[in-house]
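What follows is a pair of complexes built around chain A, which joins chain B in one and chain C in the other.
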Partner chain A sequence: MKKWKVISPLVFIVLWQVLASAGALGKGVPSPVQVVQGLYQLTVTGFPPGYKLLGDILSSLARVLLGFGIAVVLAVPIGILMGWSSWFDVVLDPIVEALRPIPPLAWLPFALVWFGLGYLSAAFVIFLGVFFPVVLNTVAGARSVDPYLEEAARTLGADRRTILLKVIVPGSLPSIFTGVRIGIGVGWMTLVAAELIGVKNGYGLGYMIMNAGEVARFDYVVGGMVVIGLIGFLMDRAIKYAEKRLLKWR
Partner chain B sequence: MVRKSTRWTKLALSAVTVAAVVVALSIPLGGCGGPSGQTRVVRIGTLKNDLHQVAFYIAQQKGFFEDQGLDVREGGVFSAGPEEMSAFSAGDLDMGYVGTAPAVTFKGQNMADVKIVAQANTEGSAIVVRNGLEANDVAALKGSTIAIPGNSTVQDYLLRTALKKAGISDKDVNIIVVKPPEMLPALASSQIDAAVVWEPYPSMIVAQKAGRVLLTSAKIWPNHPCCMLVADSTFLKKNPDTVRRVVAAQVAATKFIQQNPQESADMAHLYTGQPVDVARAAMKDIKFNYTPDEKGIQRYVEFLKANGVVKIGSVGTFMDNLMYTVYLPGGG
Partner chain C sequence: MEMSGSGGTVLELRSLEKMFTEKKTGRELEVLDGIDLEIGQGRFTCVVGPSGCGKTTLLRAIGGLVEPTSGEIFLDGHPVTGPGPERGMVFQEYALFPWRTVLKNVTFGLTLKGISAIDARASAREYLETVGLTDYENLYPRELSGGMKQRVAIARTLAVEPRILLMDEPFASLDAQARNGMQEFLVELWRETPVTIVFVTHSVDEAVFLGQEIIGLSGRPARIVEKFTNELPYPRNRTDAAFTDLRARILDYLTKEMADSYV
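This part shows the complex of A and B:
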């Protein structure tokens, strides 16, 4: 089984190289070799010249983590409350459900007005992408806690606060982790949109991808895509690992 | 008697059918009656709400395309030049009004094979600064954040030229990309100190009191290239006479603008939805002339090559391949 983990990406890359070299992928679609060359130039020279890849990575990482962090910190308590108390659910559900389908991109003009061109405006757009999947999964998790467990805790003399912290929250954790993993993925997905308004420091993976695309440097575009894919993959693995450690009791 | 007549009818019918097939086959595909089978249907791409291609609106309105026997179809209205160039590489456009930058970068990257057949306009950009910024010349922009519409655009080059003239290194300013529609709110909220952008944005920014014009591009680089009329190389090869006619309509429309600036500005207002005063102010700063300045374009291509954004071999060969102005008056 384990060898397939290596074989499948290799087959994908070889197939991509063959198809791109044969011109079967369409005009301007770079091959893996060209992408690696592009990544090298991005690392050494940068695009625009002087703005190197490492700066793009660090800036985007900061924006994603900021938006993601705020989203999780707000979404988990709100989700627990909605899942646990029907009053909160009645009050908040219509608002959450009405805001959820709005594409984060639609908020761009307001992101600029509220947060300017700094880290916060991009983090806000990313926040919008991350918040909803985490809320919904947390709600589902809190609701899935076995009512008998809650009942048992109550008979043992636990108050509401203790039940919430000792029964509901731990019981929701597996679902919360699912939400967080979906959320971080969506966070990276909204990155290009988030950096579309412009970034004050001139660094960003999404910003670079957009600018390179406008001058038809698709080797840089795909290079940026590969970097986002790799970071997203590593973060997902890190969360999975944390989940395994934290949920040993299961 | 009855039988005989049926046979004759059958014979006549088959004769007609055969004749019809022969006629149908002899008409070339896509043929709309031009000489040697050249199509008269042209799909022309334009940019959304853009004032540089006013000649296109005027040619439509005044019937200059029809005068040339053309059937001009809206090939697509694009929010930006790179999208329009992608439509060229997808084979969805025959001709288009587009900025020099996307035309040159996409051609340089072998993404779209187009040729410049006429010019839409020159000049018409400006450096605008936010309110409250105490700057009376470019030298005063030292240390400020300046927005350009895209890396390697003509505006990027204009800014670097102006900075150089003022004796400032481009390391002394923070140059970032902000899309033109976002420049106004970014200036108004002091997120950026200055922006270099094409009309109608400078006039809009002034009209909405979000900033003021520091320097028009005419003063940075007189007669600098801006928007062009381009043709897909394959379309040009197949339908040279059709392209010649579109160029003739472009020339007629440009002459009309030169002779009737007021009426043209009012028509621009109708087509782009810009307020009348914005359209009039913007059109004053745009120079409409149909003959491109090859030396100016070459200067810009050399800039692109120097900063390594576009991989071009010989600039001379590239220019020969790019320019095709034989259909312009005095061209050839």
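This part shows the complex of A and C:
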């Protein structure tokens, strides 16, 4: 069974190489070999020349982590309060539900007005993408905590604050992790859009992909896509690892 | 506190009533209809009654988890308002914190009392020894059998030294064998520790095996309609003539109450 984990991507790459070489994927669509060459050029020379891949990666990581970090720091307490207290839920739920369907991209003009051109406005757009999945999952987590646990805590002498911190928060953690994993994925998805406006110094994976696309350097475009996919995968693995360590009681 | 001595009254209920309002219909539902009860220090009292009669509501009212509509509850002469560690509760669903190890489940209430972490651990280990789970302190609840989970829950409750132990069908989720084992365990534990127990069960057999007093409730709304005294010496033998005789008497009352509540 395990060998298929290796075989299926290999088959995919070989098939891609054959089809691309035969020209079956359309004009200018790069083959895996061309993508690797493109990645090499991006690493050594950079695109535009001088703006190397490592700089793009670090800049994008900084934006994603900033937006993601702020989103999690705000979404978890808000979600816990909404899931635990019906007052907070009644007050905040309509606002959350009304803002949630708005695509983060729609906020671009305001991001510029509020944060100007730079890291913060890109981070803000990513923040919007991450915030809602984390809030919703945290709310679900806080609501899923067995009411008997709260009652047991009360009969053992716990006040409301203790129940919140020692029962509701740990009981919500599994759902919070689910939200965080969804959130980091959405964060990377909003990156390209965020870097459309939020970049002025010429670094960024999304920014590079946009520019390369305009001059039809599809090998760079796909190279950028591969790098985003890889980083997203690694971050998901890191969160999964943290989850396993933190939630070994499950 | 003059009543807290041996033989004195620990718990007193005076005309306890509870009405629930049905959410859908807005109809008033009477669950407890004037319960008067006195429970003496160190006594083992079982409460039986037809299904859905309000046994659990009665226990939860004593525990402070349900607010009575009228009437009063006194513990050592002091009125009860809300839950507190002097009335320990053991739930059918165990209610162990799944993210805490066995040891940390037991220390939970101790640290809330302001006891230092070191002292709490030492005390928790004593109670785990009492319930026979010394070697399991680092396991998580999901790694335990149902009977072991309930032992942890009992240790956790006893650790905060409650005046009274309220048990809500604690062995109902266990298989018959584990259930008998836990009943024997509880009798031994109670004979070693001077704790007062109120034990709600739907099993007449369990009530006769455990209780010194067996309170019989009516169908809803619950009133106390019978009080059986059970002087059989511990440990009890289920095949004794006196045992089966008392069981038959309680079953008679229960059958009658159930028939009445379905009229």
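As a working rule, the second predicted complex is superposed on the first by the 249 of 250 C-alpha atoms of A that agree within 3 Å, B and C clash if a C-alpha of one lies under 4 Å from a C-alpha of the other, contacts with A are read in each partner's own complex, and residues count from 1 in each chain.
Please note the rule applied: a residue touches a chain if its C-beta (ideal position, glycine included) is under 8 Å from a C-beta of that chain, and two chains touch if they have at least 3 such contacts.
Just so it is clear, the structure is predicted and the values come from calculations on it, not from any experiment.
Of the two partner chains, chain C is the only one that A:G157 touches; chain B does not reach it.
Of the two partner chains placed by superposition, only chain C is touched by A:V167; chain B is not. For chain A, the partner that touches more of its residues is B, with chain B and chain C as the two candidates. Look at A:R217: by the touch rule set out above, it reaches chain B but stays clear of chain C. By the touch criterion defined above, A:G202 lies against chain B but remains apart from chain C after alignment on the C-alpha atoms of chain A.
When the two structures are aligned on the shared chain, A:Y119 is found in touch with neither chain B nor chain C. In the superposed model, A:P49 makes contact with chain B only, not with chain C.
Interface residues of chain B, counted against chain A in their complex, comprise 80-82, 85, 89, 101-102, 105-106, 108-111, 145, 147, 150-152, 174-179, 182, 185-186, 189, 191-192, 307-310. Chain A makes touch with chain B in their complex at residues 27-28, 45, 47-49, 108-109, 112-113, 116-117, 196-202, 207, 210-211, 213-218. Every residue of chain C that touches chain A in the complex is listed here, in rising order: 63-65, 82-85, 87-89, 91, 93, 95-101, 108-109, 112-113, 140-142, 153, 156-157, 160. On chain A, the positions that touch chain C within their shared complex are 146, 148-149, 151-158, 162, 166-167, 170-171, 173, 247-250.
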